[in-house]
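Just below sit the structures, each encoded as structure tokens.
Below, chain A partners chain B and then partners chain C, in two separate complexes.
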Partner chain A sequence: MKKYFAVAKTLFKAQLVYRFDVAMTALEIAGRVLFAWLLWGAAFAGRETIGSFALPDMMLYYVISAFLASLDMSGSVSREVSDRIRGGTFSKFMVIPANAQWHFYAQTMGASAYYAIFGTAVTLLCAVLFRIKPLFTANPAAILCAVILIPLGLTFMVCYHYFIGILAFKFQDIGFFLHVQSALLEFVTGGVVPLILLPGRVTDALRFLPFTHTVYTPSMLLMGKIGAAEGVFAICVLAVWTLAMAAANHFVYRRLRIKYDGVGI
Partner chain B sequence: MIANLKFIALLIKLKLSHMMVFRLSFFGAFFSDAALFVMQLAAFQAIYGQVDAIGGWSRGQMLIFIGTFSMINGLSMLICFFGIVNIPDKIRGGDLDLYLTKPVNPLLRLTFENINLGSAPLLFLSGGIVAHGAAVEGAAVTMPLILAYSALTLLMALLYYDIDLIMRTLPFFFIGTNAINRMTDALVILNFRVPGVIYKGVFKVLFWFVLPYGVMATVPTQALTGALTPLGLLYALGIVALFTAFALRFWRFGLSRYKSASS
Partner chain C sequence: MNIIHTSHLTKTFRRFVKDPGLRGSVKSLLKRKYTDKTAVDDFDLSVEPGEFVGLIGPNGAGKTTLVKMLTGIVAPSSGEISVLGYFPNKLENAFKMQYAVVMGQKSQLFFELTPADTFRLFKELYRIPDGDYKRNVGYFTELFGVSEFMDVQVRTLSLGERMKMELITALLHNPGVLFLDEPTIGLDAAAQRQIRAFLREVNTQKGTTILLTSHYMEDVRSLCPRSVVINGGKKLYDGSTESLFDAYQTHKKITVAFDRETVFEAPPNAEILERNPYKVTFMIPKAESGAALSSVMSRYTPSDVAVEEEDIGAVVERIYAGGGAL
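Moving on to the complex of A and B:
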């Protein structure tokens, strides 16, 4: 545990080098809020509510969801793992006395903690600039569910991206998977539109998928748009998916690592 | 001119040979972009399930807008994107030397050396979305209108290329290639989701003049739905001419500042 904490601490400090990446991530939060302000400002013209959302609710949803999405640094895991496998430098993770999956988990958490500082600052700035009222729920159970879901969601996303990354043991080029899944992920996590606007059957199906509970569900819980019961259901779904994905990673890694012919092997 | 065409044909042949090696990646750009546009359609479908119009635009107009943006993006992916996207890395790494020492226009080679035929199906998908949008809108589509729409879309693809080239030329002046790619992507995605008619005030100046992404899919959509004014058409033609001239001059100016790997 101590060694993974050290990895997280190192990656936290390493982010000081990537100042422009930090600035761009912060700008992406602002970009999402700007998108919401422009598009929904036009859509709400002459309307009080759209799908149980008033304009201030909608803006608050985008501020929270943009912040939560900015915390997820797991996208780089699949790229780094696949690049290292193809480049032959994944050997490092095979010889050090640490589990590769948890190494990448610690790495991502360290980076996310650093980005969270700037993400919080930009989120607050956006809230002031766009005059967004912090209409959060007063239900402690719903807040607790959201607080549990956020790190659990980040854990799942790391496991998921690690899985995509280790597919490079088997496939020569996984750039194709990376591009397709990134477009789908933004939508199914609720980053483009609140999923409540989708047809009922679609949202019912999405409830059983893990991605919905990484951004959309915590945002809705914090806004008081869904109750703690839905939060508990989301925690159960996400926990099952995370365990299944971690187990799948363990199995796939053991099966595919023998195909690796990297540097020093 | 004929020599240039022969050269482009040779580049396509070389590229096709290269793509045969990575068969899964052949349609990679198509699937990744198609996924993006399908998700965009789903998002607007969800919004139009609740409202009748956004910024005065109906569902049909929005479908044409998405299809047109997809078409412009598809043309870029097919012809030039994968060539000019690497310009910042080539400047930084000094690889541009290889292009400057060859007896052919370096920009011509960079533009056409990575033609991606795997993106061609995106044009058909986009055409399908536009046709569906026109049907939903009930637009009286005639052959002259289709020709005018096609010409405007090609011009907007040229504008897309111009802006892309300007952004990828910036590393001649400062380091920060990753930053430029991320910034360009962020701007394209924002404008892909927000039709140009919605912009007001400072955003209208920014996205209709400074970085005219807002003009690109909006003007052809207006043309197809009969909402384009003569002044709007003149503005669009002017902005394309202005940006094309500026992009080429900016590229030449950048080249004059290039510190090659061998000097």
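Moving on to the complex of A and C:
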């Protein structure tokens, strides 16, 4: 455990070097909130609510979801893993006494922790600038569920992206996967629109998928739009998916690295 | 007891091939063709603790694949393999704690951070006790003379400085076996010399078993009492490096310079490499070099004479052509 903490700490330190990247990430959060303010400001003209959301709720949702989305640095895992496999440098993770999957998990957590610090500052600034009311729930059970869901969601996303990355052993070029999944993920996590605005059948189906519970569900829990029971359900769904994904990674990695070891590792 | 042992070790890769041109590319999209490449073929190797073994071979000979199998990066297709008593490809942490590998073109250093940051990470990864860590960092940085670069961003280090830091990173946990794949590639002569001196010290002082692959024959000749020559995946020679060079370094290179224009008549059996009115360079069989030199000195009045060992490249070609037989 200590060694993975050291990996996370090293990546945290590495992030400190990229000042421009930090500024851009901060701007991205602010940009999302500004976009929501313009879009939903127009959509709410002459209307009190849309899909049970009033304008202040909608703005708060965007602030929270933009912050949570900014914490998710897992996208770089699939890119790095596949690039390293094709480029012949993945072997550096095979020769050190650490599990490659958990190494990537730790380094993503290190980066996320770093962005959390700056993200919190930008989020608070946005909340003040856009006069967003802090309409958070007072239900401690719902808050607790959200607090569990956020790191669990990040863990799942790392496992998911690691899986996509190691497919490069077999397919070599996984550009297609990366392209399709990034567009889909943005949508199904609730990063584009609150999923409650989608038809009932779609949202019911999405409840059983893990992505919904990485951004959307914790945001809704914190806003008090859904109860702790839904939170517990989300934790169970996400935990099952995370365990299944981690196990799949273990199995697939072992199989692919032996079968396709000529790819350049 | 052998620290490394392989028997009938074989590795075959499947390689994608296609006809040339756009037509070949389109055809390959519909129907893939593959060929098998045997990178390592029926390879037997035994290395005892504390040995310093050189692995020599041209590009594509199978050296790197062999090192990758010994470190567990790739799985053998058939045969037996054991390193420190482990089957490497199982990638057990207990095994990985006991060896290190440095590949000249692959880095363990974090380029955004300083070498000291990477060292600290490796301290945790390898669970190095504080005392050992401090002692080793002090010992290796002193030995290499790189203490002043400990807090400098790796990205800004020269290639030679970076390679020294790679070696230190690899040795922090006192590995029993060190695999080196082209550690001096791209380095200037001074850095190569420093790295050789460092490796010699590590081998003799710490007793680390080292398996070195290098294109620079000087690395192997000056460091490794034992050489293994590999070509086409097969072992051609396994034995004393000195005997190998005695057998294949058959010529001397003699350069004679003059103050004034001179018409030089080459000794019998000499092969002229370079000639102008003021300077001649020729190769001559080692056994005849003394007589040739006496003849030159008696017939001419040279301003300078240099006798050198034959270029290492020619020796290598001869080893491969001769199949490694002594």
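Here, the second predicted complex is superposed on the first by the 258 of 265 C-alpha atoms of A that agree within 3 Å, B and C clash if a C-alpha of one lies under 4 Å from a C-alpha of the other, contacts with A are read in each partner's own complex, and residues count from 1 in each chain.
Heads up, the rule we're going with is that contacts are C-beta pairs under 8 Å (C-beta built on N, C-alpha and C of every residue); 3 or more make two chains touch, one makes a residue touch a chain.
Note that the coordinates shown come from a computational prediction; the quantities given were computed from them, not determined experimentally.
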item	value
First, second, both or neither for A:Ala229, with chain B first and chain C second	neither
First, second, both or neither for A:Ala205, with chain B first and chain C second	neither
First, second, both or neither for A:Ala121, with chain B first and chain C second	neither
Which superposed partner A:Leu135 touches (first chain B, second chain C, both, neither)	neither
Partner chain(s) touched by A:Val7 [first = chain B, second = chain C, both, neither]	second
Superposed model, chain A: greater residue contact from chain B or chain C	B
First, second, both or neither for A:Leu243, with chain B first and chain C second	neither
Residues of chain C touching chain A in the complex	13-15, 68, 71-75, 89, 91, 93, 96-97, 100-101, 103, 106-108, 110, 112-113, 117-118, 120-127, 153
Partner chain A, residues of chain B touching it in the complex	22, 24-25, 28-29, 31-32, 35-36, 39-40, 42-43, 46-47, 49-51, 54-55, 176, 178-179, 182-183, 186, 190, 193-194, 198-199, 203
Chain A - residues contacting chain C, complex	2-3, 5-7, 10, 13-14, 17-18, 88-89, 91-92, 94-98, 258, 261-262, 265
Residues of chain A touching chain B in the complex	20-21, 24, 27-28, 31, 34-35, 38-39, 41-43, 45, 47, 50-51, 171-173, 175-176, 179-180, 182-184, 186-187, 192-193, 197-199
